[in-house]
Amino acid sequence: MATTVPPPKIEILPAPDRPGNGHVGGGQNLIPDGANLRVAQQYSPPASSSAIWVGIAAICMSFAAFTSALIVRQGASNDWRHITLPSVLFLSTLLLLASSVTLEVARRRVASYMLGTDSHIASPRLWLSLTLGLGLLFVAGQYMAWLQLRSQGLYLATNPNSSFFYVFTAVHALHVLGGLAGLLRAIRKLGNATLRRSTLDATAIYWHFMGVLWIYLFLLLWLKI
Amino acid sequence: MGKLLAVTIIIIAIASAVPFVLHTWEPPADISTHGGLIDEQMSDTMIEAGVSFLAAQILLGIFIWQFSKKPSDTGKVKTFPGGAKGLVIAAIVLVGVEVLALGAFGSKAWAAVYFTPPAPDAMPVQVQAGQFAFYFRYPGPDGKFGPIHPEMINEGNQNLFGLDPANDVESRDDIVTAEMAIPVNKEVHLLMHAKDVSHSFYVPALRIQQDFVPGLDLSVHFTATKVGQYEIVCTQLCGLGHYNMRAYLKVLSQQDFDDWLKKQQAAQ
Amino acid sequence: MPDASAAPAVVHGPPTTFLSKHVFSLDHKVIGLQYYTLALFAVVIGMVLSWLMRIHLGWTNAAIPGLQALSPNGAPGGVMTPEYYLQLMTMHATIMVFFVLTTAPFAAFGNYFLPIQVGAEDMPFPHFNMMSFWTTFTAFLILVTAFFVPDGPPLAGWTSYAPLSAIGKDAGPGQGTGQVIWAAALGVFCIGQLLGSLNFISTVLDMRTKGMTLSRLPVTCWAWFITSCMGLTAFAVLMPATILLILDHVAGTSFFVPSGLVLNDQLVPHSGGSTLLWQHLFWFFGHPEVYIAIVPGMGIVTHVLTTNMRRPMLSMKAILYSMWALAFLSYMVYGHHMFVSGMNPFSSLVFSFPTLMITIPSTVVVLIWIGSLYGSKLRINTASLFALGFISMFVSGGVSGFFLAQPSIDIMLHATYFVVGHFHMVMGVAAMFGIFSGTYFWFPKMTGHMMNETIGKIHFWLTFIGTYCIFMPFHYLGWAGNVRRYAAFTDDFLKPLIPVHQFITIAALFTGAVQLLFLYNLIYSRFRGPAAPANPWEGTSLEWIMPSPPPWNNFGGKDPVVYHDADQYGVKTASGADYIMQNSPEQALATSEGD
Amino acid sequence: MTLKHICLAAAATLAAVTMTSAGPGSGTVSGKITYEGTPAKQKPIDMSKEPSCAAKHPTPITTENVVTGPGNSLANVVVYISAGAPDEPPPSESANFDQKGCQYIPHVLAFQVNQELKIANDDQTSHNIHPLAKINREWNKSQPPGTPPIVDKYDKAEMIPVKCNIHPWMHGTFAVLKNSHYAISSEDGSFKLPNLPPGKYTVTAYHESYGEKTQDVVISGSETKTVSFVFTAKPY
């Protein structure tokens, strides 16, 4: 694998003076500007690294709308029955948080691989796959949570709280699946040495955002406001 | 062709304004105590809007007339005296003052309708909007409305409000009608209930329009000052019969009203 | 300064197969044309629907030949039933607002010219771009299937107020399957537009070529950028709303349906929902949507006028800030659609003032346009005619906003034809004029053929007069209290107004027929029109430095370098031309302006 | 002998059979429908929302969900053979349902499964016919003035409440029945089911407000059995 990656000719490009270009997220503390990196001379357009924030803004709007719906609906009538969240959710929350950590490790390994200090592509691939696995486990956890609710006889239409629970978790899970697709893509690109720092950064930002978003939703559903 | 466009724009602008100036089409005459403010507000706004409309269109026309390029024209382009700054300031100051004034006076009219509570002796009338008719309920001698039992609503036997006279004493003397009658010069407190979907209670002559919100009983209050028969129409799209959803409002003298109420009670 | 070597994240080569060239193309230009074609199809459908509606309103019990074949239940013996009228109305509005007014000026022209005008080879995410079109197209197909389900399309109007839209088929024909289809179509449409907006925003932020600083962006780019910012936030709010609506239908939830509703003497099996919740979510999207339809038009008109006035706008900054102000205010004013909806009367006032404030930026833009005409060397061609027509329409539609912004007056005019006239003038006709202007202006670039000016001018004159004949009377009707969304006028105070409706109907049929001229011109010129030079209008922005039509990779692989903003008109140059292209290093000798 | 002839022959024999069954060897069930207790007072209907209809009724009509006659007789009751008689093919003539003066005429319309149903609008306003079928397919069609009658049929037996979605007071009933042995009690509460071949039958009486009652009856030869039903009425 690593041997199949042709060591590219190194030429130092000045990192352009605008946001993005691998300077997002954990980027800075890994690579000093203008350092002599395999990645530096073919950084992707920063498009992805600013677009990811645009996308996150849109997702935030959607969940803001969902949240206001929840608040309005809760105040609309007195049929709101607080449901006790399935215990498995605490586990899946931990899984998602752990996956963020493993992803950060993966990013460092990728960096060090690109720095040439570590010529083994295996370890970054391993950590990325680990993240992928944890993500899948999280989704499975959400599914188990639904099963737990079903077993308690709480369905989508049972009461407003359960309605919102299913909607929130489902929509969030869909977004997480999107993130998993991104991770798969990153792993594949890493395999054939076409992975761009900014691609990985964007994927990572999105993935961390999924975690943050989930914490928010979790608290929203858990704290009986 | 530029000149032609200029002329057309100006002609259209003036022609468009004519019907408003001549009052060719008018809202029905106001019969409410609060409507005066609204009418005033409408005519004030009409003047301001009309002036800015004509000014803008005519100015546009004039400039097009003047500056649409002739083939021979090789002169320099000139800049509007005062430049952009003048225009922007004009826009902000003039329009700003204009809309602030409108807003301020408008809120006065609005407050007159919505911020004043109904008088304690206002006559309560309940109106229920359903697909696709209004029905009205008067509390009867006991002055109390019987509770509504939605599950008992049955249009087949005209139990339109889902009353349960068997168990609810208040319901027994309630008077349910399909037309609304009110005494003249007496404040009416209209309690609005939606049976199925959103509807609206619109009486142009009364200067009243208020939506019925399912699950949320609202109320409006008004005083009619002129005896006569007026139309109540629905203005909130409520289904296939929306266009046909209406009822008549009869404003009667106190005497006639009492007779009418007796007649209705007898028919219950 | 942006980096010149910024290439698309997915660099795509020249299209090889027919599919990759014309159908699943990654080329923003092809995608733009696809959007334009979609809008063209949609607008034809929408217009035919409006014809049918108008005929019915003018002559309620008249049998429309052939209509029975189209819908046996909707028009027994060719006479339109009330519900069929409302169903056509709903589809007319939905198709026009989403698939014409949003796609044509924003998605179509934006896709084609935004990357070119910023000097990029393509959008940063061509695959997203392609998906954006095909999702929108799917949404259109989904929506149209509503015509073919047993009960037909929904009848709840494009605003689809709950609970009418949420209860299901008991609420009326089309409120079951039809309404779900409608909601699904909109949900999918949102995805498409979100992907598009994402691309637009990162194109402007990241794909600008060397020297194309933000201050040098042509005004159209700004308009599209602002629009995509609005789209990103607005459609992101509409989508959750549609999801919840669909769940109320298919999953038996009660987001929008309160307790104790009775239909056909039966209790509705929902409880506790909030009716106003839908209105709040919908209008939070709905009002920005109005500006999504009009702001690109403002950009196009400004662009067309500067080119044809041979002078820069008095102040481009003022126009830009005004557009930003419009976008910003559009989120604070949505409540003015709900003055009589049972909102807290205080909040009505809170919403009223920012609504009135909107007149300020609008006036600024109009005054800058008019003021810039002064002393210009206005060239009259079809494009500029439509641009000037846009200004006139924008003013006519704008002033009625004075009335509707005030709750006290809204009591009288809400839900009347005054409102219908208002939004048709400002977001319907004005936006249309923007589209026409853009079409006549950019057609040579997009197809490599000039359009026929004579037919174009006839088209303008008949359309301009015709639309005024249609939409001005709407205001008179509304003033007399004519309620909108009525399938027939049976009320005593409405009967006298029927002649006005008949006049409008005739005008509408006429104006609609006139559009065939445009269609003919479009198709004929596409194939038979004289070959177009690279820069037929002597414009300065980057689309004019490339051949017509442009090659697949826009600038032939080498990024242009920009030295000026796009407003170098009315200048004195060594070559004697009165303008300087953005990419020419030449400096003006001295502006030929007086000051 | 062509297929046509065979069909004709078959038809002839079939006709013959029915003739004989309708002949002297057949019995009749007749009787009277009455109520006990005080029925709800029928309320007058105010049609002011639809002036063209209101004009047709100088004295306002009343609701028709309980129509009584002298001697506690109860009209508009559907009496039919619910068991014992074979299902029959529908007659060729159609059952007609009219909308006149924003009123359904007749208020209760009984017809057979798969029999043609014709709904006409004699008014100057649009009506919307909405039979609230549960077993059959539910539909809901508007009928503008001057449009051809709506033609439809039902393929399952059912008692279907009918309402007009535009005029809430318009209510009626479709009684879709399996056989031709049915009658609707008249103003004086009387009904008559003729042409019953000998056999054991279940007679059912259905009233839209008071529900249904059944009685068994045995017909042997050409006799007339009297069967009467008594419904209990409630004031509210």
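Every chain is named by a letter (A, B, C and D) in the order it is written, and numbering of its residues begins at 1.
Rule of thumb we're sticking to: a contact is a pair of C-beta atoms (placed from the backbone, for glycine too) under 8 Å apart; a residue touches a chain by one contact, two chains touch by 3 or more.
The model shown is predicted, which means the values in this text are computed figures rather than measured ones.
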{"item": "For chain C and chain D, chains touching each", "value": "B"}
{"item": "Closest chain to global C-alpha mean, per-chain Cα centroids", "value": "C"}
{"item": "Taking each chain's C-alpha mean as its centre, the one farthest from chain D", "value": "A"}
{"item": "Higher-contact pair (C-beta pairs counted), B-C versus A-C", "value": "B-C"}
{"item": "Centre-of-Cα separation between chain C and chain B, whole angstrom", "value": "29"}
{"item": "Chain A-chain D separation of Cα centroids, rounded to whole Å", "value": "67"}
{"item": "Inter-centroid spacing, chain B versus chain A (mean Cα positions, whole Å)", "value": "52"}
{"item": "Inter-centroid spacing, chain C versus chain A (mean Cα positions, whole Å)", "value": "35"}
{"item": "Sites on chain B at which at least two other chains make contact", "value": "130-131, 155-156, 215, 239-241, 244, 246"}
{"item": "Multi-partner residues of chain A (each touching 2 or more other chains)", "value": "76-77"}
{"item": "Residues of chain D touching at least two other chains", "value": "125-126, 128, 142, 163, 165-166"}
{"item": "Topology of the chain contact graph, where touching chains are joined (line, ring, star, complete, other)", "value": "other"}
{"item": "Pairs of chains found to touch, sorted by chain label", "value": "A-C, B-C, B-D, C-D"}
{"item": "Chain D partner contacts - residues on chain C that touch it in the complex", "value": "60-61, 73, 76-77, 79-84, 151, 172-173, 264-265, 488, 490"}
{"item": "Complex contacts: residues of chain C adjacent to chain A", "value": "2-3, 6-9, 124-125, 194, 197-198, 201-203, 205-207, 232-233, 236-237, 239-241, 243-244, 247, 251-255, 258-259, 271-274, 276-277, 280-281, 284"}
{"item": "Contact footprint of chain B on chain D as seen in their complex", "value": "40, 42-50, 63, 65-66, 125-126, 128, 142, 161, 163, 165-169, 171, 208-209, 235-236"}
{"item": "Chain B residues within the chain D interface of the complex", "value": "130-134, 155-158, 160, 164-166, 177-179, 239-241, 244-248, 267-268"}
{"item": "Parts of chain C lying in touch with chain B, wherever the complex brings them together", "value": "81-83, 86, 155-157, 159, 161-164, 167, 171-173, 175, 257-263, 265, 267-268, 273-276, 309-311, 314-315, 318, 340-342, 345, 348-349, 352-353, 356-357, 359-360, 363-364, 366-368, 370-380, 385, 388, 391-392, 395-396, 399-400, 402-403, 405-412, 414-416, 457, 461, 464-465, 468, 472, 476-477, 479-481, 483-493, 497, 500, 569-570, 592-595"}
